[in-house]
Structures are given as structure tokens and as C-alpha cells.
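Shared between the two complexes below is subunit A, which has subunit B as its partner in the first and subunit C in the second.
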Partner chain A sequence: MKIEYEHLNVILQKFKANPYKIFKVNTIHTGYIREFLVKEGDEVKGPSGKWLEKPGTPLFVLEREKNLKTIRAHINGWVQNLRTDLLGRFVEAEETILEIKHPLSQQEIISEILLSALYLVKAPETAKYVLSPGLAAKIEKEGLHKVRIKKGDELLIMTFMKRETPILFKEDGVFLIYNIYFKPFQLVEREQPLIGLCPEEQLPYLEKIVSRIKEEWPI
Partner chain B sequence: MKEKILIANRGEIALRIMEACEDLGVDYVVVYTKEDEESLHVRYAKEKYRICDYRDMNDLLAVADESGCTAVHPGYGFLSENFRFARRVVKRSRPLIFIGPSWEAIRDLGNKLFMKKLAKDLGIPVIPGTTEPVYNEIEAELKEEELLEELGSLGVQKPSLLVKAVAGGGGMGIEEVKSLEELRPTFRKIRAYAKRLFGDEGVIIEGKIPVFQHLEVQLLGSKHGEYVHFGTRNCTIQSPYKQKRIEIAPGFSYQETYSFDPKKVEEEIINYSIKLAKAFNYDSVGTWEWLVTPDGKFYLMEVNTRIQVENEISAKISFIENKQVNLIKEQIRVAFGEKLGYSQKDIEFKGTSIEYRLIAEDTKKGFIPLSGTITQISWPELPWLTMRTHVPQDKPYAIPTQFDPNLALAIVYGETFEETKKRGLTLLDQIIIQGITSDGKELKTNISFLKEKTEFLYKFLEA
Partner chain C sequence: MQIELYKTLKNLLETATYIRDIKGEDFFGINSLINKISEVYDNFYQYEPSYLEDFVKKTKEQLDILLEQGEKTLTPYEIVKITRHPQRFTLQDILENVYDSYMELGGEGEINIDPAIVCAKAMLVRKVGDEIFFHQVMVIGHEKGHGEEFREGGSAKPWGNEKALRYMKMAETEGIPIHFFIFTPGAYPIEDYPGAAQQIAKNLYYMAKLRVPTISFISEGGSGGAEAIGLADMRLMAEKGYYSVISPEGAAAIEAKISDGRPPRELVEKCAKALKLTAKDNLKFGNIDRIVPEPLLGARRKDYEFFKRLKIELIRATDEVILQTRSIKFLRKYAASKQETENFKYYVNWDLDEDEIEILIENRYKKYRKMTQWAIHENKTLFKSFFDLGHNLSVKFKNEINYKILKQGQKTFKKFLNELTSESTLLLKPVSDPIKTVYNLIVGKKTGPKLLTPSLQDDDIPTYISPLGLEDKTITCPQAEKYGCPDLWVPDLYGEFCGVCPNCGYHFPLEYKWYLNNIFDRNSIRTFNDEIASTNPLEFEGYAEKLKAARKKTGLNSGLISFEAKIGGISLIAIMLIAEFRQGTVGVAEGEKFIRAIELAKLTRRPFLALVHTTGGIRIHEGTLGVVQMPRCTMAVKDYVDEGGLYIVVYDNNSYAGPVASFLGAAPYQFALKSTRLGFAGPRVIRETTGQDVPPDYHSAENALKRGHIQGIWDRRELRKKLFTALLTMGGKNLYYRW
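What follows is the complex of A and B.
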């Protein structure tokens, strides 16, 4: 797959017009909303540090079975649509409590745009995924853009309907692993991208695209 | 105080518990996860809460408190046989009634090795094998020699053994060993597998019963020391992965020819089951699972300390004052401390009942579970048929991928085995389940497999 330069301009303009992504913050389980620790419009930070060891900004406190849990921001941005009406109330799991308006970083823009340029391995089912142990070890050792895969290689293990199913690469040719779009054991909806691949000969072309985005999106 | 039950389960069993509550005039609350929003158990419940997971004890108990529940019904699967959950339900600062046996009974009967040891002490026959976990190869080889000799003396031709992970279940971590040479590598393999998957490298070695029927005894005990049984079921027809697909009650056919007296064997396995239940003051519904060999020998396999999927076929053939029993209602009543109000002599057994488990699976390709969307599910209205399903008939239904793709239970009743079988086959011809898989192909179900296997009901099958 290739993106024409004209088309790349259009995509970049689209991102420039609205360089944000909205992330919902939902309750991870049931409980009472005991306290809000932010207000509408506050700036919040996601986890930081080399190993993301510094936790994100505290957002609100959820109490369940006498245990208080502070829910923190998982991404940078500004608080919006804060549900202050829920203070003191019992909420169900997956209830949206607030949104974070997140400014897209250069790396995120690159990642989004490359979705149109890479060969994508998409989730065949709504399920949990993990890289196959062999592939994960190779990527850790050699790094992205260096690990090659070919037809028949085991890419992923899918946990689906209580069974583990290996997912093999089915395309002809040799590809490089360019990007990983999921976190291990995270539930991925069907058809969402899992891995982005590119044929080895297209690597210089992708690097040109990346340089171009970096020029247009310096931060 | 009026009782109110938290139904800590999903799908068709949640619907059956809801129905039992309504019949008893007991209030209830339903829980569901995001993936289950379209399930009928959610649609029909007046009071419902979305939770993060059916296995999350904290979420379940938080909902129970918030909604003012006084009891928890765990259904089957999920937390139903988790003694820690049962203990927490009854021992917390706001205790609730656990609709099931005591947590001690769940703990002890759920531990297969402990149960086996106790059964042996009570003189109840169990499958020959180790009653303690084996951790070293030399001990394993000694046990193997002993067991092969024991199986030989029981008349088993070409005896073989099963090496199992203690913490395994559902067919996982089991391998067959036919000779002494095979034991060491198999033992090492299972031990490593057990450590990797379950964190416990304990292994048990059991004799393999090559040809058998799988029978179950349905018991009910109350808090007043009363015990009754609702006969037996035969669950021999299973998938290659030991998952039940067709069940029939009673457990033996009175028209089949056996090399032993089936009535006597049935009586003995029922009596042994009650003996073990009494040793635990068992006070709920429970199922005692047995293997019966073609020469009439029988061995206790395990005890399921909960309501079973297939409970309704026992209920269909059990009559008290000419009325069919509802075992979920009985389970709820005894949990609330009621007396049974009848004894064994008041239970009359009439007819035969078959349960078919209708599942989206590819029986030709390793019984792989299938996901997709059900576009049509329909069946004829028949007086001898009870359908249990959480799948809506009025709109497409996406099968959640987090659970087994069970679609419906078809429970058929007839006066005789032949009549019930004929009705079952008629139903399987008329039932319509259509859908598309997530990659756009026609969704397969196991209906053909069920039709084919109906002919094997009451037969001895090879393991």
C-alpha cells in the first residue's frame, strides 16, 4: 500500500484542523463515586517516566466493598464532560465519568497515518491477544522494523471462547514488523489493527513519509 | 423480611432462576456484563446492574448490598463451586444466604483427591488411582506398576493409565500411558505443563476405564437432615473434549439388555451417593458422577456441588402428587431453611427426558467454538418440548466471544425411551438456527452431530 503525497497533505490538514482525540474514562467496576479530584477544564497527565512508573493525575475516587480506589488519567489532556451529578451515587461498571481531550503527539499522528500505508494484521474476532512468545522475544532483541516474518510464521495467540488459538501469517513474501497496535491481553474489537507490516523494499518509502510528517508536525 | 436473590450468572440459567423466583414470589436482581446487553436475561429483568465480570466477587457483593439482596444464587460455572466465594457470602459483615451447600462441603467435595480419599474410607468405589499428588518419577513408576496390576485383577483388558494435572479439569492436562516406558516422559511433560498453567506441578495417575457409561445421581438435602434423590441421568454422549452434549433421564433404559441388573446398580450408586452426602451434612442440590462399566462395575468420579445444566431432565421425570418437580425452586427453598415437605416415597418417576445442547461449533473441525451473529432461531411449539435460551428470536444476536457459544437447551419429554427419542429427532429436524460467522460464512451448529449421536443413547462407549 502507498499513500500519494497529495493524499498525505489532505490527511495532515485533517489532523491539523482537529489535532485531538477524545478518550472516555469509564468506571472499571461498580461502586460509589466518593470524590472528584479534578474539575472541568483541568489539565491532566498520563503515566510518565522511563517505565511509566509515575502514575497519572488522580481523577476521582471509587469505593467498593469498603475499598477506596483512585482512578487516574491514562493519557495527557484536558478534562471535559465531567459527571459531577454522580457524586455520592452508586455507579455500574463501564459508566462514563469524564472525557479527556487529548492533543495528538507527533508519534501518534505518525502511527495514525501509517495505518493507511501499512499492511495490517487485523483482529479476526473480538478477543484478547498476545504476541507469540517467539516473536515477542525477537522484537525485544532486535527491535521493530528489523524482525522479518513470512507465510506460516506464528504471529499471535488469540484467547477466544476460553480457547487459545495461534494466528499464523498467511501472506506470501517477507515482511518487516513495523508497528504493534495492541497491548497484551487487552480486549481488541474485531477488525481492529493488531500489527502493522511492510515489505522490506518499502521501508525507505515509509521513512520518507515519516520524515515528511515530522516536518509538518514538529512537536 | 422478604428474601431477595442476586442472580450471579448469565444466559439461560439466569432465566431459569428468574422463573423459579417468580414462581416462589421471591424478588431478584440480575447482573450482566457489557457483552451480554442483548441477552434475554437482561431484557426480562426488572432490576439489573452492569458489572465488570461474572467472576468478580466484589462487584457481585457490591450490587447485592446496593440492591438490598438477602441471598446469592451462583447458577453453574463461574463462582458456583468456588468455596472462597461461598464462605465470603455467608461470613461478611452483612451476611447473605448462599444458595448452595455449605462452603466446607464445596471445599472438600470439590477437591477431587480429598473426596476420593474420603469416599474410599467410607467404602465407596472410586476409580483406581493415586489419592495424593505425585511429584517424583520413581514414585510415579511404582504407582504405575501397582495400578496396572490392580486394573488387570479387575478384568480390564490391555489396561492403560491416565496421567493428569491435579489442578487441571475440563480435559486439560491429561495424557494416556500404555506402558512403563511411556510413563517417565509423559509424567515430566504433564508436570511441566501443570506448573506452567496452574502453578502446581502435582500429578495424579488413574486407571483408564476403556468402555463405560457416564451416570449421574441427582440428590437434594435440606438443613433438617432430609435427603431425597431424583433418580439418575446418563451423560455418556460428549464431545471429544469431554463436554456433555446429550443427556437422558433415567440413567438406564429399562428396555435395553445389560449384562447386569441395572436397577440394582442404580440403587447402589444412589445409596453410595447419599452416604457421602450425609457425611458432609450436604444441604442443597448436588450431582454425584459415576462411571459404569459393561460388566456392571461402577466408580465414583466426582461431585458437582451446584445445580447442573441438565437438572431439568431429572425434574421432568420426577413427580410429587402428580406434578413435575422444579429443582431450582427446591434448591432455593432449602437454602431459605424450609423443610422438603415430602419424602422419597412421595417421588414418583415417570417417562423419559432428553436434553440436547445446541451450540455454535464446528463438529467436523475439532469442535471449535464459533462466533458470529444468529439471524434466526426458531422451533415448533410442542407440548412435550421445553426450550431454554437467552438468544432473542425477534432480532439478530451477536454471540459474545468471552463465553462458550451455547445457544439453547432443548428438553424433550416422552412416556417411553422410544417415544422421547423419536420426538427428539423430530425436533432436531424442525429446529432452525441460522446465522453468519464473523467472516461472513454460514454459521455452523452441532445439530447434525446431535442427530447422529441420538442413536447411541444408552450405549456403552469407548473413552
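What follows is the complex of A and C.
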């Protein structure tokens, strides 16, 4: 299990050339487009506030059965490819009305890179997870990026309907715990990442990439 | 001599700064005077003593004139500023200067359960001729402090009010009077356990029948926070104090519909005037009993004459309350006479016996029952008044006979029979059986007590179509994004679904008539006291028009309807606070209607239901006349519950502030429909007071349940069924259908 340097470089170059992600805004159901509330190139904002309690920028109004529904932005960015030709017309469900060009933040790029680079331990079932007590104590004592894991070590405990199943590490070699993606005792969907591991000898390289991103991209 | 002059100069500088803070910088060139005093004060030792003496004398004369001028032109908003000024006396100053010794309880300074509330056991010495008498009292009050941040300006947190309640109970155990001191801009609006509103309601509920004399003294009486320790047998108020439903800034923000930022200064001053919050106004309205005079522009920390006066007033007030429970009229009159010196002419023993305690509680109820009566407007014809009087008397007579004489007799006799026929008296069965047979023959019952077997018949409910459901369209559930709810067809939503999203259970608001038509049995509703109308007792500008518009919109005279109704055959008395009428806010009319309704429920031994369609709190346009509805109504609740009544409150939509912090929150059984928002203050007030935003679900019914405010969350579709079960399963034996 090794980090593919070339692949990472390609991803990095891709981000550098185009540090944006395009989010399509589709109609949630059929209906008539009654009004556009933004123009091409307008800046829009996703939900904000500590609890995301403030809704995003209103984008357009979709009407079905006399029900006027304001569709709002879910992410920050700029409006592009606005389909003004659809104004007043009937549209099918899942029709793309506009796109939001979202500038990727430093954190988003790092997390994309890490997801491609790290060895991910994924949730085998939709269940609640907790770190094995020994591992949790080690992390608390030594901190992330320092705790070693090898084949046969107990990583996690999966709890589901009061049954507890230990999850053991099965790969050869020595890995370091790089990232933890879940919160203890919170439900995690199947196939979602739980822990990100990095081969011990490749840690300096990965840290170099992360610090490079931190230098090159604005916050 | 020099030091004395230096001290006097310092005091003069403080006085001049104080005058500027209260009256503003443009007041008779006060700024230049302050500069002059500062200059002399800073370079004190460079001046000749004779010059200094002369300067001090002249400045003092000048300041005296300014104080007099300032007093003459004192506005209500300036009074508010006086109460908030750091030089104003606080409870700590009162404890030091009025009481002869004291011991703080529940913590001192920052190490405290809540530094905004100070509780202390204190000693008062009364001199009568050469004799000295000691009185023990419990002192409970807000401590604003002189600039200490941790005091939160005297805003008590829920645990602070709980601390106050605990020491009230301690005073009750020891049988000593309580002196309450109110120095609060309002309660600290957080919903931590058990919630600001719930704790105030608990305090009011307990204070209603506190078995010791209570005196309260108001300097800064900010609405609910003040009421938490304000229900007293005698209410004194500082001459330069204020007692109000809301701070003038808060009222201005509401009037100007400002959700963020500060309202304009002119509007704040206008609101301070319109709220009629001064001591004189409150005395005129009958909300307080007496004003304690203060020096010009208000008493400050070093006004020792004022503290002397306050001590006399506190002793006199406690004497009066105690003497009112005794039949020594001449002494009562003597006590009421003006007592100007510290040397008292009489001694009153502050210990009460059981009979006197009963009279004390009765007097307290009567006192509050009388309050704001003058502001009630009843649109009744003379004939209707006579008819109602006759009707009420006959109901009273009938129930007295029925429940107190006949049924009480039957109950006692039955108890006696049961004892006779119990296991231990099995041998006497041959004797008791003939007696029982004779009794049954006379009373007309051949078997045991008749069991009430009411049942819910769906035919009892009329088919009511909500006007909201008449549109042919669909609507989106506000929680659709979270739970993926499909669009709802309006006639279905407001018809079959009772305004509830079938997917996530979100409750859409409905008009008040829906409840009246869907909860109670067909044709069982009979409203009463409809003619009691909301008026404009403070002559608040623009309020009369607002009332007129509300009347036109709803066809109602006030925001509360009281009615008799049946659920599954069980007759009950109910009230409903209506959102459509000024957001269900409570004023004089609403308070009076509530009390009359619960008194009727007590008299006729019926369960009492309060349906809260929405309540926005106490109506600010009626000022303190609205605020006193909190203790008034809570006392009626306490009286009813103590008599064995069943009081149930059901909240829907939004319920906040005063009513929740008193007569609604005092209910032993409170339930909320799903999607209800329940609490003390809304997010804007919390943000302004605490400087922090609250999560969107802060006021949710789920959180209210978690902190123990409510006993359950109901679904509107099952409201009728739930209420029916509640009526059958809860409540004391005094309910008519428990016989």
C-alpha cells in the first residue's frame, strides 16, 4: 500500500489549473420556472450561521400546483450557465437550471487530496463506531500522526443494536493514524470513511504536500 | 481640614458627573463646571486654603441649584438612567446601612450560586423609648453591584431565582418576614434548567401562599425578573425608581420594529413616558402601596439619611402587614401614622399564629384580586349586570349546598360505612348492612357509587372546514429538505391532517376556531365574560387604533376567550389565548377574564383548561397594569389547584414571556403540541442581553420537555383524545365527576 505520487501530482495540477468545483442546481420536481432571482455571474451564498440556520441565497422560483417554491443556493460561488430561456416554461424534474462555480478552499483541497492519498478504513455497516479503548488512549497520549498500527491490531468497535464487534486491521506493513472521520457513537453510513491511515515511511511526503497546499492556496 | 476639603471636593465632582450623566451634557453648562472642579481637584495643593473653602462653598451652592433644577425637569427616561447609574445605591449598601447586622447566604461576591441574587439573614433593631427590640428578617434581592461584570446588572439566572425560592422556604420554616429588594432590568433570558420562565412561575406560585409577611421594595423593576421576587403583602417603591413591563429600549425596538441594533433615542424617551413607569404613576394605578422619598435626583451610595428613612419604612410596612392580620385596629392606625424618627413609639411582635397566617394569605389574595380592577371595561347593560349577579349567586349557592353540605355529608357517611364494612369489622356486618340499606333507600342508590363512564363519540364533533383549506393548491412542508416530505394538498392538510405534515409531523399554524370546533363536543361551547374589553388605560399613543383593528379583525373584545365546554361529556371551564388578537398578549382584560374563569372552575368543581394558541407575553401598551396580571393570575391558579382542581395547559405555535413565566408556567400539567416554540425571551432579546446567538431549536417543545417545563408533546390530530384521557386520569378528588 503506497501513495501514488504521480496520481497526486495530477490531482494537484488539476486543482491548480481550475480551483473550482461546479455544482449543478437541478429542479427538484416538475413545474414552471416563474422567476429568476439571480443573474449570470452573481455571487451567491450557501446556508450560513453557527447552526447553518440562515438559508442560502434565493436562486429561482419553481411553481407546481400553485405552490411557489423558492430554490436556494446550497454552496457559495458564482452563478453560471443560467437557463434564462426556461423562464415561464414547464420543466421536468432534475433539469439543470443553473450552475454554481464554487471556489475550493484550502481545507476542501486538502481533504480531497487526503481522501485520494490515504488508506481509508471504511464502515462495513451502517452503525455506530468508537475507537478501541487502547487506541483511543494511545492517541490521547501521543497525538495523531504518531500512533502506529499493524496487522491484527484492534482499531474500532462497531456497535449495532447493543452488539459490539471489534474491527481489526488487516493490511501488512506499519501505518500511522492520520485522520479520524467520525464522532464516537454517532451513526455512520456504510462505506463512509472512518479512519485515514498513512504508511509510516510516506508521512513526510504527505505532510510536505499538505504544507505546500497551505502555502499556495488562500484560506 | 485640608483633607476634609479634599474629600468634599471629590464628592462635589462625583455629584457634578452624576448630574451630567442623568441630565445630559447640555444641562446648564455642567461640562464647564466639571472641568473647573476637576482642575481644582487635580491641582488641589497649589491653591490657598481660603480660596479652596470659598470655591467649595460656591460650587456646592451651584450644584444645589442644578440638582433642584434637574429635579424639576426630571423625565421618566432620566429616572430610568438614575436607577441604572453606578452611583445608585444597591442591595449591598442597604444591607450595610439599613440592617444592623447580616449574614449572606448562598455565596458572597463572585463565589456565589448567582451573584445577581443576594440572600441574607439580617437583623433589624427597633428602639422604643429606652427599650431595644430585635427583629430577624430574610433579605432577598437583586445585586446590581457597582460595575462588577459578574453581577450581570442584577439579571437573575434561573438558578438565582431558585436560590431566592429556597431562602423564602427557609424563612417560612423559621417564621420570619421577608424583605425583597428589586434592582433588576429583567431576568437573564436563558433556558438552562428549569428555564427562566419556569423558575419565575415556580417562585410566583410559591409566593402566592407564602406563610410569612413579605415586603418588597422596588428600585428597578424590570418585568418578569422583578416579579420573581416581587409578589408581596406590601410593595414599596423608591421615589426615583421605575417599574415597567419592558425596558424603554425594548419597547422602542418593538414599536419601531427593529430586529437588530439600537432604536432612536427620541423613540426610547417617548416610550419611557408612554409606559408610565415612574413611582407616582404606579402608585396612582394601585400597583404599589407607598413611595419611599429620595433626595434630589435620587439616592446614591452615601445618602445615609435615605437609608435611615428606608429602615423606618421597612419596619412600618412589616408592622402594618402584621397588624392587618390582628384585630387591634387602633394600633394599626397608629402604625400607619407617619413615623419620622428612628425611635419608634410602639413595638409589634412579628411572630404570627396559625389563624393570623390564614388571614395574611387571605389579605394577600384580596389585595391582588383588587389590583387593576379600575381599568376593567365591561360593556354590560344594567339588566345584564343584575342578571349575571343573580346567576352567579345562584350558582354559588347551589354549589355550596351541593358540594359542601350534601356531598360532604354523604362522603363522610360513606367513609364511615366503609370503615364499618372493612375486614376488621367483619363481625359487625349483620349490624352495618341494615344501616347501609336504609342509607341507600334514602339517597336512592341501591348499589355502590355511580361510576362516570364518559366516552368519546366522533359524532360529537361537528364537521368544521378551516378557511385555510379552501384553496386548491399545494404547500411545502418547512422540513421538506430535512425529511423529504412531499408537497401537501391544502384541503387535505387543513382538513383530514389537522394541519400536520403526515410525513414528518410538522404542525402548521391553524386559526383559533379550528380548536374550538374540533376539540370540544358539538354545541357544548358557551362563552362568558365576552363583554370585558381591552382598553387603553395608559393612553398609549396608537394603541387605541391597534385595539380597534384587532377587534375588527376578530370580532372579539380581548385576546382571551373564556368558555364552558364538554369533551366526551365531561364539562370543563376553558380559556384560550388568541393569536389573531394582538398575538395573544395579556393585558388587564385578559388577566381579569382568566381569574374569573378559574374562579368559576373552582366554584363549580370543573377542570380548567388553558389553550394557548399563541402568546407574545404581557402587552407592553398596558405597562405595569399588564405585569401585575402575572401575580394576580398565578394566585388564582394556586388557589384553584389547592382546592383540588385540575389545571391543564396546552401550548401551540409560540408561547413566550410573562404568561409562560406565571399563570401558564405554574400549571402542574403542561403539554405542548409538536412544533411549539416555548420559552422566556425570543432570540433577539437573548442576543442583545447575553451577546450570544441561540441554536434554532433552542425554544423547541423537545427542549422544553428535556428541561422539565412540559410533561409531554402531543400531536394535534390526537388532541381531543389526549385531553379526554387527561381529564379522566389526572386531577384531585374535588372534581365534580370524581364524586
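To be clear about the criterion, the second predicted complex is superposed on the first by the 112 of 219 C-alpha atoms of A that agree within 3 Å, B and C clash if a C-alpha of one lies under 4 Å from a C-alpha of the other, contacts with A are read in each partner's own complex, and residues count from 1 in each chain.
One rule holds for everything that comes next: contacts are C-beta pairs under 8 Å (C-beta built on N, C-alpha and C of every residue); 3 or more make two chains touch, one makes a residue touch a chain.
Keep in mind the model is a prediction, meaning the values are calculated, not measured.
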Partner chain in contact with A:53 - subunit B first, subunit C second, else both or neither: second
Subunit B versus subunit C as contact partner of A:69, first or second or both or neither: second
First (subunit B), second (subunit C), both or neither touched by A:190: first
Subunit B versus subunit C as contact partner of A:124, first or second or both or neither: first
Per-residue contact with subunit A, leading partner among subunit C and subunit B: B
Touching partner for A:10 - first (subunit B), second (subunit C), both, neither: neither
Touching partner for A:87 - first (subunit B), second (subunit C), both, neither: neither
Subunit C-contacting residues of subunit A that also contact subunit B: 29, 64-65, 67
Subunit A residues touching subunit B - in the complex, by the definition given at the top: 28-31, 64-65, 67, 90, 92-95, 124-127, 160-163, 165, 190
Subunit C - residues contacting subunit A, complex: 471-476, 487, 489, 693, 695-696
Residues on subunit A engaged by subunit C in the complex (per definition of touch): 29, 49-51, 53, 64-67, 69
Residue ranges of subunit B touching subunit A (in the complex, touch as defined): 33-34, 49-52, 56, 58-59, 61-63, 66, 368-369, 371, 401-405, 438-439
